[in-house]
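By letter and in written order, the chains are A, B, C and D; residue numbering begins at 1 in each of them.
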Amino acid sequence: MSLDVARLKKDFPVLEREIDGKPLVYLDSANSSQKPQQVIDAMSRFMETSYGPVSRSAYQLAANATELFEGARQKVQRFINASKLEEVVFTKNATEALNTVIQSWGRANLHDGDAVVLTQMEHHANIVPWHILSAEKHLELRWVPLTDDGQLDLTHLDQLLDGAKAFSVTAMSNVLGTLTPIRLLTDAARAAGAISIVDGCQFVPHNVTDVQAMGADFFAFSSHKMCGPSGIGVLWGREQLLEAMPPFMGGGNMISDVRLDGFDVAELPAKFEAGTPPITEAIGLGAAIDYLDEVGMDNVRRHEMDIAGYTITMLKERFGDDITIYGPDNVEVRGATISFAFRGIHPHDISQVLDQTNVCVRAGHHCAKPLMRILDTPATTRASFYLYNDESDADALANALDGASDIFNF
Amino acid sequence: MSLDVARLKKDFPVLEREIDGKPLVYLDSANSSQKPQQVIDAMSRFMETSYGPVSRSAYQLAANATELFEGARQKVQRFINASKLEEVVFTKNATEALNTVIQSWGRANLHDGDAVVLTQMEHHANIVPWHILSAEKHLELRWVPLTDDGQLDLTHLDQLLDGAKAFSVTAMSNVLGTLTPIRLLTDAARAAGAISIVDGCQFVPHNVTDVQAMGADFFAFSSHKMCGPSGIGVLWGREQLLEAMPPFMGGGNMISDVRLDGFDVAELPAKFEAGTPPITEAIGLGAAIDYLDEVGMDNVRRHEMDIAGYTITMLKERFGDDITIYGPDNVEVRGATISFAFRGIHPHDISQVLDQTNVCVRAGHHCAKPLMRILDTPATTRASFYLYNDESDADALANALDGASDIFNF
Amino acid sequence: MPGLEDLYREIILDHYRSPRNRGTLETPPAHMAKGHNPLCGDEIQVYLIVGDGYVEDVKISGQGCSISQSSASMMSAAVKGKTVHEARRMIDAFRSMMSVHERAVAGNRIDHEEPDDYSDVKLGDLDALRGVVKFPVRIKCATLSWNTLTQALEEATA
Amino acid sequence: MPGLEDLYREIILDHYRSPRNRGTLETPPAHMAKGHNPLCGDEIQVYLIVGDGYVEDVKISGQGCSISQSSASMMSAAVKGKTVHEARRMIDAFRSMMSVHERAVAGNRIDHEEPDDYSDVKLGDLDALRGVVKFPVRIKCATLSWNTLTQALEEATA
């Protein structure tokens, strides 16, 4: 295997937790990942020795905190290969990042009846903000359909993009694990005169990210899925686009002047960071990036190809027709997020039985109800692997599924 | 004194930090407070043993994390005496809370030319969102003026409120320390048919808070100013008002259904909590509330009356006409946030000299530029005290001011 | 599987396997109410005909997990033929059986009032769902059909 | 006060106490540019008359801390009477003196190119501001007037 998972597991204290004497088999990282001790310690240490307000006060403690905070921004810039530091905006999560683009760019740039293209595998975070805007602008939402194996069906992409103003698309499905051909999609958008907004929430934790090579105009992701703390996310956008957009929220830090009758906005990135930012959380995100850099994102990706391949093959061999795995089989075009249906047993019951042996999987619609309707199921069971999972976790999953068969043997 | 400050100081590890051999004299808590070990440990412990996604997954680890997260919401509910748990919405900071009300309630309920009343001592967070909305709605903003000693001049309040739709007012000035007569203000608003939006950001950390007794309709505050972590804030609102408002951001968690052509919102408070919330931060905020409860908010308030009284008297005795203290002298109507001008020395220079002896104060406009124009100064120096400050900190401030006199002796 | 016997009792699995009163009724004369659990996607429709103070007929459709489906099935069997008053008391008794934990999960303060006494209400098969209380996240599955029945009853007797 | 000698040199305090070239010029013929430091509220206006390739006159108004005010005063004295080319090189030389830290504070990557050589540029009094580099948050105070001068020069020579 590409990673020494046994060693990595030791970095994650929660994985040593035993419930009823059984170790934790955490297969819900697509939902939210666990945190390594390095990240936890970086946050504690910062609060114990260096906490101070950022960007506002001038004494040493505050200046130092500001430097650490801006240092985290630099780490993000390098991690996703943004060309400019000013293009990296801290938000509370990917959802706020997407709302910022869709509501602010959208309110300023879209008009009644304009068309926007989405895909049928989008997360609610990349759908509902469009519905909210649509209530004001009566947008025409067009949807890229899916192939039978859960990839984007691009047959009519050019027609869909024809005359569209924006293409808002995920780089990796949180349900199917599918990796979308992002560069091809952003090129097609650009050729059609549409901007492209890429939801990188599932992509960034598991792949080498290069927003410039992707050709995206906007890119959003969350810290909590990539070994970092909750409470912080990132919006990256091209400088000219961010410059031309109105601010989303108003308040401290995002202004250069405020009068009784109006205000002037601050420079980027402050313009989109209203109020006190997630300071300790930025320090934690920086530590998570250091951690992932040390492991190597190319190694993470290779490991997840291995573990996805192993798990899919093993589950099919072991359960045959009793299991249906959604999404592509080919690990070149998918990550290690594996949704499935098993013997007609309701996902909620499966997850309940699995939980008895501490196998943690998510059962539900995964914030992708439109996709559920296309899969023609109200819910799936999803096992999502990360750098701290190995074959033993996949095997524990399979053994636990046997337990579910025993109970629901009809 | 009402508090055993020497003992409390020990709870805050950063206060043991020495820079160049001198202890930290932290007088910038109105900007952001330090964190007690209890809060830091609660967050670490949670991430080390219990981190899991909330509200989405059904296995034990996630159910337990959800219970802890919702437990933090209960603590907030009790701390501010909200009548219903559903009325407590977690945001990223007070700024997001104010934007949520002003933008969402405002877009749905205000029309071209409607009048809104603010005060001249508001923080940018309670001004700029109104300007943003005003660009769409052409609101008439009316401003409650100030008396010479920095209190609200209520002489013409009824005229100002006449026909107004909302009164958006701070419960305590972050510059002047002034406590506003909130119940009187919300009563006046109600009598005029206006809703009242109260910025509780500076009030909550230093006083016993009872949103029902205050008679507010909406109330906003931040965790990071009350011994809690950065990255989380609170919006409280009356259930019927929150129910009737459209959501602010769209995404996961805030929906009950999503279709290709629309969505249905979730129940409160999820409706206003789009995406993954600040999970660990909620745990930290809960621990901060436990900490403050243990100390007792009435004791905190009494202590700050003492320390404000001591500091104001001492500074005036020591520096006479060389110092101008803004805001009221009477500690019954002010907190221990003390802005001043000193011998014509620029606040930036004062804070620089003070920093040499590790006395941390803020110099600047304090995100209240309209107020600065009224005080007829571009900036003030602000020393803000909290439960971990005592007379020795006030004395260190005065000694450091002597140092500034020595350098700028002209 | 150890630990799960309390949840997946044989009688629960039996109702899940062979749900009673499954189907739809024409509306009108029947009244229909819909319930939905956004967390797991469970959906339920309760069809109800009330005549002369009696639950004349009840049918259940929709889909969901073993707990929500078996609870709905048992509920339909329990209330069919009962008076509206008896059905209402049964709803209260069932909720009470589930409630301590439901309140705790919803996060509300648990009030320490004396609980109502439902010892006169015969829950029969439904008693098997008592084990659900040990699995707080599943309580909403068990109560979904009951909340939906409440709605349907209200409409039918409005 | 120990540690502050590097920042508050006597010559700096002298320019702060008695600012040179303080005032305004009529526009036109003068060009005016405004600068603003949102962090500390410092504001500056630079008035400039350029004729025949020379900085004929320069005046400074506005307010701010000792560093921003003394830097503006020294700057005005240094560029007055110089050619536009000399003034531009002086701006570059001053920025270069401040720049390592300014870049670091702004958070940009520091590029490791060979720096330009400004040893020919005589900074005179301005050299006293070298100590500001040790106080990164103050660098923006020191450079405010220079950025504003750059703007004014651009407009005057456009």
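Methods note: a contact is a pair of C-beta atoms (placed from the backbone, for glycine too) under 8 Å apart; a residue touches a chain by one contact, two chains touch by 3 or more.
Just so we're clear, the structure is a prediction, and the values are computed from it rather than from any experiment.
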Open item on the list: I need the common contact partners of subunit C and subunit D, sorted by label.
Closed with: A, B
Task: Higher-contact pair (C-beta pairs counted), B-D versus B-C - done: B-D
Open item on the list: Quick check: how many Å separate the C-alpha centres of subunit B and subunit D?
Closed with: 37
Open item on the list: Need the CA-centroid distance for the pair subunit A / subunit D, whole Å please.
Closed with: 45
Open item on the list: Need the CA-centroid distance for the pair subunit A / subunit B, whole Å please.
Closed with: 31
Open item on the list: If I count partner chains per residue in subunit B, which residues reach a count of at least 2?
Closed with: 56, 58, 255, 257, 348, 352, 363-364
Open item on the list: Two or more other chains touching the same residue: where does that happen in subunit C?
Closed with: 39-40, 138
Open item on the list: Looking at the complex, which residues from subunit A come into contact with subunit B?
Closed with: 13-14, 17, 19, 24, 26, 28, 31-32, 34-35, 37, 39-41, 43-44, 47-53, 56-62, 91-96, 98-99, 103, 123-125, 127-132, 141, 143, 222, 224, 229-233, 246-247, 249-255, 257-263, 274-281, 348, 351-352, 354-355, 358-364, 367, 369-370, 373
Open item on the list: Help me check something: in the complex, which residues belonging to subunit B touch subunit D?
Closed with: 20, 346-349, 352-353, 356, 363-365, 372, 378-379, 403, 406-408, 410
Open item on the list: So in the complex, the part of subunit C that touches subunit B is made up of which residues?
Closed with: 36, 38-40, 104-109, 136-138
TODO: Spell out the part of subunit A that touches subunit D in their complex, as residue ranges.
DONE: 55-56, 58, 63, 67, 70-71, 73-74, 85, 255-257, 266
Open item on the list: Quick check on the complex: what are the subunit C residues that touch subunit A?
Closed with: 1-4, 7-8, 13, 17, 39-43, 63-67, 135, 138, 141
